[in-house]
Amino acid sequence: MATLTLNNVKKSFGKTDVIHGVSIDVEDGEFIVIVGPSGCGKSTLLRMVAGLETITDGEVQIGGRRVNEEEPMARDIAMVFQNYALYPHMSVFDNMAYGLKIAKVPRSEIEQRVAQAAKLLQLEPYLQRKPRELSGGQRQRVAMGRAIVRKPAVFLFDEPLSNLDAKLRVQMRLEIRALQRELGVTSLYVTHDQVEAMTMADRMIVMNGGVADQIGKPLEVYANPATEFVAGFIGSPPTNFITGDLLGRSSEIKLGVRPEHMRLAETGAMQARATYCEALGAETLVHLICEDGTQVTVRQDAAASFPEEGSLVGLEWDARHEMRFDASGRRC
Amino acid sequence: MAEQTGMVEKRGAGLWLTHLGLIIGVAFIFFPIWLAFVASTVSQPEIVRPPMPLLPGDQFFENYSKALTAGINAPVALMLGNSLFMALGIAIGKIAISLLSAFAIVYFKFPGKKLFFWLIFLTLMLPVEVRIVPTYEVIANFGMLNSYQGLILPLIASATATFLFRQFFMTVPDELAEAARVDGAGPMRFFFDILLPMSRTNIAALFVILFIYGWNQYLWPLLITTDPSMNTIVMGIKQMFPSGDDIADWPVIMATSILAMVPPVLVVVGMQKLFIRGLVESEK
Amino acid sequence: MEKRVKFKGIWLPLLLVLPQILITAIFFFYPAGQAIWQSLFIPDPFGLSMQWVGLGNFEYLLSDRYYRASFITTAVFSILVTVVSMGVALYLAILADRLIKGSGTYRTLLIWPYAVAPAVAGVLWLFMFNTRVGVVTWYLGLLGYDWNHVLNEGEAMGLVVVASAWGRISYNFLFFLAGLQAIPRSVIEAAAIDGAHFWTRFRTIVFPLLSPTTFFLLVVNIIYAFFETFGVIHTITSGGPQQATTILVYKVYSDGFVGQDLGSSAAQSVILLVIVSLLTVIQFKYIERRVHY
């Protein structure tokens, strides 16, 4: 168990910079989620911590020790891959034991550690099976087991749930989180799914184009996004963005208002035409289109009445819920 | 289902005609071999007074034991051993050097990689038949005439296997190598513990093809084995024909021909799936 | 296409490619270079020194009646072998493809002559057509036909063609059958519904869809007929009668090893080298196309 520090970590491939300098101090036992759209550099960042990519500039420390030049195995980390990367010809037991065998851990201890992990992950009946004889969720658990048996200082997860179906994904994300709490291992978890990030993270890093736009606790990030990108990426349905001139204000400024903070009204700050209402049961999403073509969504209680499609309605919101972004996308 | 296929597939008389056509084809394929088998079970006088019988005789053990133990120039058992050694040497040697170099090409960056790649690319498809005289001289200079090294080494120089393994390694997910690195496996450990076991089917399929390739070599052993005790069986058969007007010992020659066919045919039929896979992949 | 993962190190990969480099350099590049070099010389009658003749060997070869005849022989031989073996194989593959049950059994029965060495195939056919003891010769004699491939050039050519094609049928059959089975049944059924009869279907749908396989087999079979039939010819006719079955590869052998004319043999090797390279390029163009589509 250890702390993990990234100090202005940069990565470039040739002349292309893909990571522009990320810094974070991860506390012992903390669960950090790196979230962002594909191509934002989140996986590259994780792989740099793992030692699978070289670090162009900056420093990675694990337990206070610089590991930039260390081989992956010397970094005291374990990694769970997106496609699990299980060795197809080895049994579940051998998959989990492989790293320990290489580290020349005594046979009895290997057996004991694998048995422990198998018990924790409910894999005991499957130890002699090959990966292809397992379901997606079971393979996922084996990949976890392989990470656990090594008792690493840091867990690294690279989109571990993206190959599972929606239902299993919800279940596994609870399991991973529970497991991590129980083991108390510092974790770095990469995903493109903001729901995963919101529900799992102690703190999250929202990445955009190789830059960490914001680092913070999920609810803080949600309530107080640092950039237009973060406001749009975190939360579903996404934040509504309205240019200032629609409201008779400076066109330099963009306003962001979350769907749950917008209300339909007789008159309001602005008018929009209702296009479609999605009644989801507990709530209803009303989709509207503004006069300049901007689409906005209002989330309201299912009990509230919703407008007829095609009708013109007013929109209003409280000023405290208004997020203002300047031309560069920063809060102002 | 039945109605749909009925339109494309003949029934009744048409079906029987289809079978008949195929049976004629099979008979055409089988006839020469059947005749050889019959000839290997009858006595010499029965053959030299044509027409020879078309059903097997009772000389099976006499002919085969004569062939195996005495042969004509050398016991056929010895030639079978030579062929086996040569075929195994070529198959294993080719697979071994190809696995290693494909591993280096796919998993490493090293100076001269491009050059190396193009050099072996050039050797694709260029059979030994084209360069027999100078290759013969090389072998002679090394003193490898009438030796297993001489039989095997020149036939190992070919790129098809290297390309096949390269192709396969490219399809192995990157994450497996990364997982192995995280598990602390170095390159050779990864090669032996993970890549090799994963390549088992490919290796086996290629082995079938290369074994037959090696077993059936003719020109090369003909050139470099002048000592009858080094003859391979496929080339040795021709050596059993007498020069001049003497009558050939047909029963023994045909028994030898059958013996020369049995190992590769067993390999092909026994490992049909692997064989077809190997054939299709090595030609891709 | 490149792997994302690279292991570190320079000496290890070099060590790994070393065996192949050595083998290829010693037994491939050096002899090929020697062939090119030797093709520019003729040895003196005592074999003590070599005299530079430039392209003289080539000029001599191309004006040599026998060599030019060998070219024609090779062309005739390869075309016949290719046509016969592919024709029979296609015919059998179409029949087997029409069966819903049992095509696997026929496949098993038909593929294994692939394992029979060309030289052995030569001996088998020689035995059947042997002028003294051959069964087929004898029955032909009953019919009043006097078979003698030892003297008759046409019969000699026919025999080596059939023996060479015979062993090749399995290979072509396998590829044709795979090609036919890869054609979606629905396409053929659609044509049947459109009223196309078997031959029309075959001509307008099956054959065009099969053309990549056919083209591939064409090149591969020509290469086979050029080089791998040496065993057949050596066992059955030894190139005779009157060089009627002396194909190019056979001539390299007989001039180089039997006739000891190293310069000429080397020049012939170089010409063969060029031919193979051309065929290989054609084949690769084709493979490239197949990769892209």
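Order as written gives the chain letters A, B and C; numbering starts at 1 within each chain.
Simple rule for what comes next: a contact is a pair of C-beta atoms (placed from the backbone, for glycine too) under 8 Å apart; a residue touches a chain by one contact, two chains touch by 3 or more.
Not measured: the values here are computed from a predicted model.
**Q** Tally the contacting C-beta pairs at the A-B interface and at the B-C interface, and name the larger one.
**A** B-C
**Q** Using CA atom means as chain centres, which chain is nearest the centre of all the protein shown?
**A** Minimum centroid-to-centroid distance belongs to B.
**Q** So, what's the distance in Å between the C-alpha centres of chain C and chain A?
**A** The answer is 60 Å.
**Q** What is the distance in Å between the mean C-alpha positions of chain A and chain B?
**A** Here chain A and chain B have centroids separated by 55 Å.
**Q** Express in whole angstrom the distance between the two chain centres, defined as the mean CA positions of chain B and chain C.
**A** Chain centres of chain B and chain C, defined by C-alpha means, are spaced 16 Å apart.
**Q** Multi-chain contacts only, two chains or more: what residues does chain B have there?
**A** 178, 181, in rising order.
**Q** Could you list which residues of chain A touch at least two other chains?
**A** Correct list: 52.
**Q** Which residues of chain C are in contact with two or more other chains?
**A** Touching at least two other chains: 5.
**Q** In their complex, what parts of chain B are in touch with chain A?
**A** Within the complex, chain B touches chain A at residues 173, 175-176, 178-185, 189, 193-194, 197-198, 200.
**Q** Spell out the residues on chain C that touch chain B in their complex, using ranges where they run on.
**A** 1, 3-7, 9-10, 12-14, 16-17, 19-21, 23-24, 26-35, 38, 88, 91-92, 95-96, 98-100, 102, 106, 108-121, 123-125, 127-128, 132-135, 137-139, 166, 169-171, 174-175, 178, 185, 188-189, 192-193, 216, 220, 223, 227-228, 230-231, 234-235, 249, 252-253, 256-257, 262, 265-266, 269, 272-273, 276-277, 279-280, 283, 287
**Q** So in the complex, which bits of chain A are touching chain B?
**A** 50-52, 71-73, 77-79, 81-90, 98-99, 102-103, 146
**Q** Considering only the defined contacts, which chain B positions touch chain C in the complex?
**A** The touching residues are 4-5, 7-10, 15, 18-19, 21-22, 25-26, 28-30, 32-33, 35-36, 39, 47-48, 50-52, 54, 96-98, 100-101, 103-113, 116, 119-120, 123-127, 129-138, 153-154, 156-157, 162, 169-170, 174, 177-178, 181, 186-188, 190, 212, 215-219, 222-223, 234-235, 237-238, 247, 250, 253-254, 257, 260-261, 264-265, 267-269, 272, 275-276, 279-280, 283-284.
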